[in-house]
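Look at the two complexes coming up: chain A is in both, with chain B in one and chain C in the other.
This part shows the complex of A and B:
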């Protein structure tokens, strides 16, 4: 089978991107840039359009004019068209559609007290809009034939993003979130799998159907269902039913979770923990987290730790299902069963991308991308504070006067060192001083001086900032492509028992995890 | 399923028959393991690029 299509489409996209880069760079789109508040994105718009426009033009010409024969070159280079198609749609959404929706929403004015606009309330940002546009394209217009093959690259983008996410965690964050996630995920994964198997047995669905559905609903969605399928000897239609159920439920959750999170006033850690536990499919966890907080990745980081923790449960669940299936079928009198090799199952099913995430975290922990003690990409360094950023005489006088209000010895000592040195002297002092500001013990000018001093000794690591940009685009790419794979036909396949059982357990998991998160998870890392 | 590592499933199987003779409807790769390894290579390439071209 030859995958590459002889079409001018990719060449045309390449020319459009190159023209876009030229127009943005030379200010011909200045009026649009100003209206949509895109000034900060101009550099990115110029560079990305130039790079990917060039790639699209070169590969596009090859697609259009070369003679294609079946083989690896045709298979892998043929997928570039679909990949660029996803990226092109993601660029339109991120640079134009999302800012336009936000602008129109602001022009309409706040819809609820507290200056919340329509796009805030419904979480209409580039993630949600990208997925929706992807779904509209596939279900209304159909994916163009020349792009269909490469649209299957979207999950690769998501996995690459998850691995790179490892660079952004500090040891302190990972230890805290890791403990929290293992307990929560352990309870909910094992509980969900058990519940699906129990209900499945009561409703007399085939063991293979129950097994594959329990993995999909309990662990991490589509990948888990596919991984568990061989050990429970699931048929293709049973896998399709499970995937349909996960997609239906996952799509609803992806749009509903952020709205509920905002309405309940959840913080980043709380929402991340809830999404990472309650949403069935890994891809949709990232979608919900970015939809909840589109202009930062704190929520995504928390959600992905929970997601990765449950992915780590996959080999255990596959093993459990293998043993369970053999036992159930033997009881039913089956004779053609394969013996379960525990070690082989664990090795075969262990998700390598999780190892990649851990490897990237360990690499980052050596300090190669940012000082090892960085926290959320910012690190402490008070050695090169410029004169203008040191506290001035007026600020020192204010702090001396206000220091009498402090009662605690550690706070007095930290403030004393700040006054003596005109700058913050350690991370411990910084923490104590931030506590003083949070408690609002001192007057406004004194708090402003402390905030200024703290700002002067914390720096953003350039490489970490670059990783954040990469992540934004990898997830935009992956999630827009995910939208293009959510077909009405696929969701229809979920009908009947699997949808009833999967939805019942999914709702229970979402509601119970919400209660646990709201009651037990604190908004601190 | 003949190959235990295969993702030989297609959501549109019942409507259109199999569309791809390699990979699945969700991925161009033969197995999750292969996709993971390619993702790892991509991530390492990006990390190396960031390290070499951005620097601290």
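This part shows the complex of A and C:
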């Protein structure tokens, strides 16, 4: 099969991106940039448009004019059109659509106390808008034929994003979140799988339907249903009902969870844990986390640990269901059952990208990308503080005068060392000094001096900072592309017993996990 | 045989095993002339293309295995259904051929009708609300606009 389509489309996208880069760089779009508050994104807009515009132009000309034959070159280069198509949509959303929605929302004014605007409450940011636009494209306009082969690259984008995310965890964080997620996922995954099977037995649904539905509702949505369907020999109608139900539930949750999270004033850890447990479909977990916190990745970090834990549970659950199915069918007198190959199930279903995530975490911990003690790319180093960033005489005088207000010995000592050395001397001192600023014990100028001193000794690792930028784009790319694979036709198949049982167990899981998270999960790690 | 109808020598039947489709099968046999033939078209709806949904966690091996499994499952279900229809055709002394296509039901049916030498097209009517089955209805208006043959819609047994 030849995958590449002879089409001028990719060349045209390349030319548009190159023109965009030129216009932004030369200030022709300045009015738009100002109106949408895009000044900080100008560099990114220029560079990314130039790089990907160039790639699109070169590969696009090959698509358009070369003769294509079956083979690796056709397979890999043929996918570039779909990848660039997703990226093009993600760029439009991130640079123009998202800021426009935010601007219009701000012009309308706050809708709930706490100065929250419509786009804040509903999490209408580039991720959610990207998924929605992707869904609109596939359902209203259809994915163009020339782009169809490459749309699957979105999965690669998301997996690469998760692998890079591994660089942003501290060991303590990973251990804490890992323990929390194993407990939460263990209880809720096993609980919901068991509950679906129990209700299914009561309502006398076929074992194959119970098997595929329990995997989908219990573990990680469509991914689990896809993995479990062959081993429980699900009928086509059962697969369609189950996947339709999960897709509908997932899309509703992606919009509903951030709203509830904001209304309840949940923190990043709480929301990440809730979304990671309560949302059935793994893609929507990432979507909801980024919708809840669009300008940071703390929530995404928590949610992805839960996602990874879920996917690690997947081979175990599939194996359990396979054994359960064979046992139940044998008891019912069925013959011709396919025996389960345990090793094959575990190897096939094992998520290899999780190894990449762990490898990046380990590499990051050894200091390859930044000094080993860094946290999210920020690290302490007071040996390289330039003269202008040391505290000046006026600031030192202010601090000496204000120091009398301090009561605690550790605070007095830390401030004393700061005054003596004109810079912060240790991470411990930095923590204590930040506490003084937060408590507002001292006057404004003194707090400003401490903040300046703290800022001077913390540096950002360029590599990790770059990873953070790439992450944003990889998730935007991946989720926009996944949006292009959610069809209304598939969602419309939601029905039958899977809709009844799946909705009941899904809602129960979401509500119970919310209660557990609010009551038991602390916001700090 | 409904009053005023002459039996057709070649009937194109679209059905996929639901109660409404079974009513269409019965009507097609009734409308087919002695010694005639029934061309049975089964359309696999396009929504199956989107059944991987937004799964991103599984690897390509799992996707391929799922795709093959669904294909085999659909083939098996269609074959079982086709055997039943064929047995009934044989019992009545009618010729029988079965064809499977993937796509939009109305478009597939119109294409097959245009390509063959059929005299009549028989389909089932949409099932009543709440009845089980795929949400993939045949767009009758779209079909009628392209069809150059008489079309008979069998009433649903649930109505």
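By definition in this document, the second predicted complex is superposed on the first by the 475 of 525 C-alpha atoms of A that agree within 3 Å, B and C clash if a C-alpha of one lies under 4 Å from a C-alpha of the other, contacts with A are read in each partner's own complex, and residues count from 1 in each chain.
We take it that a contact is a pair of C-beta atoms (placed from the backbone, for glycine too) under 8 Å apart; a residue touches a chain by one contact, two chains touch by 3 or more.
What you are looking at is a predicted structure, and each value in this text was computed from that prediction instead of being measured.
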Quiz item: Touching A:266, do we find chain B (first), chain C (second), both, or neither?
Solution: neither
Quiz item: Now for A:282: first (chain B), second (chain C), both, or neither, which partner does it touch?
Solution: second
Exercise. State whether A:155 touches chain B only (first), chain C only (second), both chains, or neither.
Key: both
Quiz item: A:180 contacts which: chain B (first), chain C (second), both, neither?
Solution: neither
Quiz item: Looking at the overlay, does A:250 come into contact with chain B only (first), chain C only (second), both, or neither?
Solution: second
Practice problem: Using the superposition on chain A described above, determine whether A:79 touches chain B (first), chain C (second), both, or neither. | Solution: first
Quiz item: Can A:446 be said to touch chain B (first), chain C (second), both, or neither?
Solution: neither
Quiz prompt | First (chain B), second (chain C), both or neither touched by A:370 | solution = first
Practice problem: Mind working out whether A:478 is in touch with chain B, chain C, both or neither, as first, second, both or neither? | Solution: second
Quiz prompt | Residues on chain A lying within both footprints (that of chain B and that of chain C) | solution = 155, 159, 222-223, 226-227, 229-230, 234, 236-237, 239-240, 243-244, 348, 351-352, 485, 487, 489-490, 493
Exercise. Under the touch definition given earlier, write down the residues of chain C that touch chain A in their complex.
Key: 45-59, 61-63, 65-66, 69-70, 73-74, 77, 132-136
Practice problem: Show which residues of chain A lie in contact with chain B when the two form their complex. | Solution: 1, 75-76, 79, 148-150, 152-153, 155-156, 159-160, 162-164, 167, 222-223, 226-227, 229-230, 234, 236-237, 239-240, 243-244, 348, 351-353, 355-356, 359-360, 363, 368-370, 461-463, 466-467, 470, 485, 487, 489-490, 493
Self-check item: Complex contacts: residues of chain B adjacent to chain A
Solution: 1, 4-5, 7-15, 19-29, 32-33, 35-40, 42-43, 46-47, 50-51, 54-56
Quiz item: Of all residues in chain A, which touch chain C in the complex?
Solution: 138, 154-155, 158-159, 220-223, 226-227, 229-230, 234-237, 239-240, 243-244, 246-247, 250, 281-284, 307, 311, 314, 348-349, 351-352, 478, 482-483, 485-487, 489-490, 492-493, 495-496
